[in-house]
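Here chain A shows up in two complexes: once beside chain B, once beside chain C.
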Partner chain A sequence: MRNKQARTAYLLIAPALILFIGFTAYPFIWSAQISLTSWDGLNAVKKFVGFQNYAHLFADKEFKQSLAVTAIYTVTVTAISTILGFLIALMLQRRGKSSVIYRTIFFSPVVTATVAAAVVWQLLFDPYVGVIDLGLKAVHLPAPNWLSDTHWALPAVIIVGIWKRLGFAVIVYAAGLSSLPTSCYEAADLDGVSGWQKVRYLTIPLMRPVTTLVLITGFIDAIQVFDHIFILTSGGPMGSTNVMSLMLFNQGFKLFRLGYASAIGWTLFLMILVLTMLQWQLRRRREL
Partner chain B sequence: MRTFKKIALRLSDHIALIAMSSIVILPFVWMITTSLKPPKLAFAAPYLYPTHFHWQNFVNAWDEAPFSRYYLNSIVVAVLVTLGQVLTSALAAYAFDRYEFPFKKTLWFTLLASMMVPLPLLVIPSFQIIQHLHWADNLAALIIPRCWSAFGILLLRQFIHSIPRDFDDAAKMDGASVLRVIWSVILPLARPAVATLALFAFLFAWNDFLWPLIVLNSPEHFTVPLGIANFSGKYGTRWTLLMAATVSATIPAVVAFLAMQKSLIRGLASGGINE
Partner chain C sequence: MKRSHIRLASILSLAVFATVSLGAGSAIAANKKAVKPVTIQFWNYWDGGNGQALNVLIAEFNKKNKDVIVKPVTFPWGDLLPKLQTAIASGTTPAVAATDIAWMANMNQSGKLVDLGAALGGIKKATAGIYPSLLTYGTYKGKIQSLPASTNNLALFYNKDLFRKAGLNPNKPPKTWAEMRTDAMAISALGNGIQGMEIYVQPGEGLTWQFQPYLWQTGAGFLNKTNTAPTFNSAAGKTALQYLVDLINVDHAATAGQWGAFDKGQAGMRIDGSWMVGGYRDNAPFEFGTAMLPIPDGGVHATNMGGEQIMAFKGKPATQAAAVKFIKWFTSAPIQARWDVATNFMPISDTVANSNVLLKHIADEPALKAFINQQKYAYARPAIATYPAVSDAFSKALEPAFYGTVSVTDALANADAAVRKALSGK
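Presenting the complex of A and B:
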């Protein structure tokens, strides 16, 4: 009986498990091995070089810049979209019909193919005909050449990142807010607590699990960003938007330095691992 | 005085919301109006509402690139990935919830942990595997590796857990096989979770760019994102043409998603909260 149970269970898991092993587990482990070689993907011989790729990586100026750019991108996009998403969800509370329209608007970038959206943003950022610079010129502010200026290219791709991510934060926060117990708020109303104090001492603490979720999924999403930056700047100018995924792509599929590219990928993985463990730790401490 | 303050607050909320949603919607508005302008007037005001309806842009865009082909490819890929993920996840989730078997905990933990693996890391060895299988430049490479989902298994398991075992037992008493139970009892009951997973899978496959960029070479296999990227590389600043192409690539999908938005948003929210 027990054996039969186990057999049925394994048969049911088999389709997912085979795909998992073939296209996730095996390539994952293999990539660790590739990262210790100087393989170009064509040569049958994979020369073992130990941790040389990693040593080179951390001495590589391009990689240091890439790490910094990725960190700035990830932190600003996640922080701003989370804060704005929370504020918008708060404002949408108890707003009936119109909140559906707003939610639809904020959510539409999420369902738009990133690549197509990036092409549109390319037009918006254009220094001659783009809406952004037309607007800035109209109010006599300096209008930068966004995508080809080393100081403005990163803010530009960050703006697109926030635009794309915001809707997700709004929707998740809106759902979280609607499931909050009304009794606490009624008690607070009786005590004459002001609106801002209710947000500060009730809503924010009660929403902490939702905030953790929005932050951690946001971080993991943003740290791997590729699509819109590839279209808008391809990492330039002067590497000012060269996030890690782009550097990995260029090293692996343009220069065919598979070992080096895999070492970048593993650094990325370790960063995600640390972030996730940090979240677990925080969650456990709170539960104690 | 107090009511006055309240009204002022509500008003400022409204103004803030209108301002922010206008910014969010601006790219769409700009895209649509530009796509309808004659090329000579591409940069002339008004920008926010169309005064011309130069449909020729769309005719030209569709002449220059086979968008119907891109659509067909994208739909085939997204539909098959969605079906694959729902089926494999349902089977695995059912086994994980209803059965005891050796290495269950280890397997479960491994599957969950795999969600941390970044896709850019996997593309390098995966491309080698795809070449060995002779799937390079073939839609199979976009479909088969994506037909499973750790998130899907997690989501469906949570939901299946809340379905009483009595339902399975009753069906089994009537002589139904395990597959029959999953297909006609569990899946219908787990509809909200299945809908969430289906939408996530579809969105993911529909938006996917890095992997198709690496795997596909021939334009006849391009998906919509790849087609658009290619188009924009070719017609860089012919904005009216380019916007006609992006309208073609985005609007039908956005409309389809907005039509389903109720279930999508509800599902998204519940998926997020249950985590």
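Presenting the complex of A and C:
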């Protein structure tokens, strides 16, 4: 009986397992193998170079710059979208039925194709016909050349990143807030606790698991950012928006350095793994 | 009629019917077998008007050749190379592809390309009449692995409306660097963020390909004849880079920024390729003109050569034969002439250049004359496997000079070191 059940179980998971092996596990292992070679992706010969790609990576100025840009982008986008997402969800909670409309509006960027949205943002940031600069000029504020200025290009792509990410945080927080026990708030009301105190001492601690989820998913999403930066700035000007995924793409598919690109990919993967584990560890310690 | 006669007649008619039916059946079967077409894919990145022109030609080929069906598959420019890399690694290559000439050195080493020289009856026959400079990219270890599918070069586009507004003669585009500088300053003096000249400063092959003509015009060159060392870090090279840097940072006649101001009528001049002629004619919100690239005092005419190569991938004999048949047809002079008319690409051979179809088109499209006149001054970029890395390193070292954060001397010295490193494959 048990054998029969096991057979059925294996049979049921087989399709998913085959797909996982074919499209995740095999490329994953293959890319590790490629990262130890010098290969242009076309040549029949893959020259084994050991850990040379990794050694070059940590001496590469472009990689160091891209690491710094990725860190600034990831921290800023994750932090701001999480805080704003929480605040907006709090406000929507008080709007009753009409909050559904607002949730839909906030969530729409998440389901919008990033490339299409990036093209629209490109028009918005345009120094000649862009609404943003026209608006700034109308109120006599300096209108930067957003995507071409070394100081403004990164803030510009961060704004788009936050716009894209915010809706997810709002929806998750809204769902979390709706499931909070009302008894705590009723008791707090009886004790004459102010609105801000309820948020500070009840809502924020109770929402900690949701915050962890939003932070981890946001972090993983932001650290791998590629598409909208590729469209808006292609990593420029002067490498000021050259995030790691973009560097990986350029090395692998423009400069024919697939071995080096794979080494970047693996470094990125290990970074995400270590930082995610750290986040979980911190959360567990707080819970204990 | 006797019964036996009737029987005989019946048997005979049955036999005739059977013979005819069987004969017809086998003829149909044989015919079916003969015309069963081989379907092949043709990967390329020609979209928009070029893509439409390609589809028209392919439909014509498919109609005339019952034994082959060519299916064009178009990818965005940036996606085609990754797709080909994946296809080569996984053994799922298309029958035919057309790629940027800049990728050819790497494609040649894949070991997956058909020897077109052998397949088309010898190199002489396969390349008859094609300009030798265009064959550089397809030649590998004495074999012809690809043929030119198109070629183009860079010339000067200028906005006649802005020329008029700035008090310049719209029928007298600049011929020298000095004139170009004067005109650019006059146009930028119009204010409202209008640039006199739009300069490509984003790192990558775009910057390198746009800047190389300035190096060739001054005689600085890019790499040496054996493609083993850079030559641009010289007095002539400094003159070339200083000229553009000054346009941005001294004359303020140009801006270090994103590409696209000229399209919106916000820049007086820009260097671009012949493929833009049709687009500007149909869509530009201004009257435009073209001219040969201005040259420095004592300099020489020079422009950069672009284009695509068409190649067949090794596969089943029938597929390979169909691919070679299509390539032969596509690179033939009559088809190339029509292709150039539809796309505004430049001719790949004298036969194409002198064809009535193309000559009439050039007469109807005067903006093409500058490109045609310049084709003989077009330089080929180094056809070496390290070129993408060389170009990338070069452009990244030059970018800070355009933004004014590094001096011209330092930028060229940095570029020199970076290019040497890239050439060494490190």
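By definition in this document, the second predicted complex is superposed on the first by the 283 of 288 C-alpha atoms of A that agree within 3 Å, B and C clash if a C-alpha of one lies under 4 Å from a C-alpha of the other, contacts with A are read in each partner's own complex, and residues count from 1 in each chain.
In this section, a contact is a pair of C-beta atoms (placed from the backbone, for glycine too) under 8 Å apart; a residue touches a chain by one contact, two chains touch by 3 or more.
Nothing here was measured: the structure is a model prediction, and the numbers come from that model.
Once chain A of one complex is fitted onto chain A of the other, the partner contacts of A:Val129 extend to both chain B and chain C. Of the two partner chains, chain B and chain C are each touched by A:Leu258.
Contacts of A:Gly85 after superposition: neither chain B nor chain C is touched.
Look at A:Ser234: by the touch rule set out above, it reaches chain C but stays clear of chain B. Counting the residues of chain A touched by each of chain B and chain C gives the higher count for B.
By the touch criterion defined above, A:Thr114 lies against chain B but remains apart from chain C after alignment on the C-alpha atoms of chain A. When the shared chain is aligned, no partner comes close enough to touch A:Gly161: not chain B, not chain C. In the superposed model, A:Pro144 lies in contact with neither chain B nor chain C.
Once the two complexes are overlaid on the shared chain, A:Asp40 sits against chain C while remaining clear of chain B.
Of the two partner chains placed by the overlay, only chain B lies in contact with A:Gly176; chain C stays clear of it. Where the contact sets of chain A with chain B and with chain C meet, they give residues 41, 128-129, 252-253, 258. Chain B contributes residues 9, 13, 16-17, 20-21, 23-28, 30-31, 34, 42-43, 47, 87-89, 91-92, 94-96, 99-102, 104, 107, 110-111, 114, 116-129, 144-145, 147-148, 150, 153, 178, 182, 203, 206-207, 209-210, 213-214, 224-226, 228-229, 232, 239, 242-243, 245-246, 249-250, 253-254, 257-258, 261, 264-266, 268-270, 272-273, 275 to its touches with chain A in the complex. By the touch rule above, chain C contacts chain A in their complex via residues 78, 81-82, 84-85, 88-89, 106-107, 109-112, 193, 201-205, 255-258, 261, 264, 266, 385, 388-389, 392, 396, 399-400, 403, 405, 425-426.
Those residues of chain A whose C-beta lies close enough to touch chain B in the complex are 2, 5-6, 8-10, 12-13, 15-17, 19-20, 22-28, 30-31, 34, 41, 84, 88, 91-92, 102-117, 119-124, 128-129, 131, 134, 163, 166-168, 171-172, 174-176, 179, 195, 210, 213-214, 220, 223-224, 226-227, 230-231, 244-245, 248-249, 252-253, 258, 261-262, 265-266, 268-269, 272-273, 276. Of all residues in chain A, those touching chain C in their complex are 38, 40-44, 56, 62, 127-129, 145, 147-150, 234-239, 250, 252-258.
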